[in-house]
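Got some structures for you, see below.
Same chain, two partners: chain A is paired with chain B first, then with chain C.
Presenting the complex of A and B:
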């Protein structure tokens, strides 16, 4: 039997794994099972989220089960009914509402999920998790303009979060065109300022600067500036890979691939 | 269109990749170390992403780096694979078609392979894959009889062994590499483990 403080620690661990999307299914089952068996009454509203988390993890582990996809669907439907009944009793239960939207997403019903999430956000405009979920949904649907809008909301309320900056930059880069590329480069740079070890931002800066410099539509000054940014990014990338490759035989291949890529892009830029 | 042969190594890594991120869409590139000809021999694969598959920068980056690595190792990119997050839908997404199109520009018998999540349970007797080829400017379903997976039983057994030994966690995709650049997206270590399991069987797998 766990003490109350141990139980709280376990519950927090499960929350951390949920939020950070850890795939440690076996651990989740171990921790979650004990929590649900011994302490269900003390978990409050969290119980439904934990229940779902543990069931999904258990499915991931139970590889001996033949038709796991059918069970998964059945469990989703059961979970949906559960959440419906919760919302009947308590229509303000935001956790249940969001879990229903996650179920829609898992079932591939993206447009419904998007619609529900938009409605939800009209009421709960400060819900970061929901804004991020919506941006992911829009990205999957190739609606980059709306994804950018969601990320702009997130950047406004979380100006120090390098991941939002970097994702925003990626969306802008994907939208394409000179103006978007310049925005992308600025936001990749911003992400790097916030976290100078964000490799995606570093590569993103390198690629956007290189593409701008290679464009026939830019002035000589813009070309020169972007070549400078690109060269700086390239040297940072090189350095990072040299350090990563030190003494490790196994990533020699990735190091060599990066070096060749940097060389070949140098040629196209000049 | 010609035959396509899928090696045990390529199949195992694709399967591991899809299993490692069961709730995400994943994708990767199919490689061949055989010379270009009528038949396509998929001898290896590189797992690429498990997030934001449709965003351009990282995909472009990955394609460039894999290209560079291929020219260093006498391999060619001959196809693309994807497993959708929603297991009940194994049809190619616009992003899959776009990347496959790009690969087709360089390789005229490129294949597009979708992993069928619904068939990915142990004991399933049918390979969980659906292949497409480019015919008349469209990607169409490939005739199942032109797809060869030599020694299917052994391949399944090797995949099971990887799971029971815990070696499936060795798989690194390009996304994971970007999170930690000391990780090797060419998967030399895992490749060696798989080749060890293959060698008792006779011939090429």
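Presenting the complex of A and C:
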């Protein structure tokens, strides 16, 4: 039996997981099951959204007793017909359209999913989730130019989000070529400006700067500048690892490992 | 959940404000009756109004919860890649979670699910969240 304060703590935890899109389904099922079985009356209006959250988590863990559903693939065709009928009644129902696209993706028909998602985005241009999903689909298809375009849309509407900057820089880095590498380095730097604790961006800055410096087509000044940026990034990385390892016994070994790794990542002209 | 103390403070402040308003109205009608309309409002009513206003404001600020930073990017400093790519409207369910997480009595015929040792990564995450 839980006390009221524990119930409040669990409810707040569920709310945090819901708002930050955590998909830790096992824990949600554990916490949610206990909450719903014992304190359903005290939750008030929150209960419906908690039901929804626990149901999705239960589907993830295939807890059919909890989710009251059948096996997923057996009902895919019925689901499709159901969504079509919903859309006939109400063509602006965005949730139904997104579920249809997910069905296509689950069936492996990614090019059709991409086409449908493009049509959806032509009508509902402001949907951040859909833009990000489209960029992920393009990355899976290795169509990096279009993925970069989707991420550019996201960056335009969320200029303060360092993660979009960083993902865009990673896509540009993957595309390769000198201009893309320079662009990647600039966006990694922008991500670091927005959040100086972003380790991935720091590593990305180091890699793109060393890559540019090692390229044979650059002028001497560009090479020197990039080696300076790379050296700065490397010093920041080792400092971050040293700060993180403070007070722990294995600090010396891990710092040495980081330095060796940075040296091995140096791109040398062969 | 604001503590009831601050709710009490807001209640007292609002009541004092209403009381001061009432007194001012009464004073006004008394002035009109005694035809001394050039006298200003007595200082205690003015003080009571100002004080109850300050008390109400302070109480409401304490009820309304945590303040957020003005800097838009500071809220995102703790956000990581783990959750960035989870879009709830696009969740798929045909992943291996069906076998990994299913309770043991449902699938007795799949030895691979049983042989799965307690996943150390999951346990570590559990400690972080709980």
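The rule is short, and it goes like this: the second predicted complex is superposed on the first by the 182 of 270 C-alpha atoms of A that agree within 3 Å, B and C clash if a C-alpha of one lies under 4 Å from a C-alpha of the other, contacts with A are read in each partner's own complex, and residues count from 1 in each chain.
By our rule, a contact is a pair of C-beta atoms (placed from the backbone, for glycine too) under 8 Å apart; a residue touches a chain by one contact, two chains touch by 3 or more.
Every value quoted in this text rests on a predicted model; they were computed, and no experiment measured them.
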| item | value |
| --- | --- |
| First (chain B), second (chain C), both or neither touched by A:200 | both |
| Chain B versus chain C as contact partner of A:129, first or second or both or neither | second |
| Touched partner set for A:27, first chain B, second chain C, both or neither | second |
| Touched partner set for A:95, first chain B, second chain C, both or neither | second |
| Touching partner for A:54 - first (chain B), second (chain C), both, neither | neither |
| Which of chain B and chain C A:79 touches, first, second, both or neither | neither |
| First, second, both or neither for A:181, with chain B first and chain C second | neither |
| Which of chain B and chain C A:106 touches, first, second, both or neither | both |
| Chain C-contacting residues of chain A that also contact chain B | 23, 56, 60, 63-64, 72-73, 106, 136, 167, 200 |
| In the complex with chain A, residue positions of chain C that touch it | 1, 72-73, 76-77, 79-95, 97-99, 101-103, 106, 122, 125-126, 129-130 |
| Residue ranges of chain A in contact with chain B within the complex | 23, 56, 60, 63-69, 72-73, 106-108, 136, 139-140, 142, 167, 169-171, 173-174, 176, 184, 199-200, 203-204, 207-208, 240-241, 244, 248, 250-251, 253-254, 256-258, 260-261, 264-265 |
| Interface residues, chain A side, partner chain C - complex | 8, 13, 20-27, 56, 59-64, 72-73, 94-95, 98-99, 101-102, 105-106, 129-130, 132-133, 136, 160-163, 167, 194-195, 197, 200 |
| Residue ranges of chain B in contact with chain A within the complex | 20-23, 25, 52, 54-58, 60-61, 64-66, 68-69, 71-73, 85-89, 94-95, 117-118, 121-123, 163, 177-179, 181-186, 188-189 |
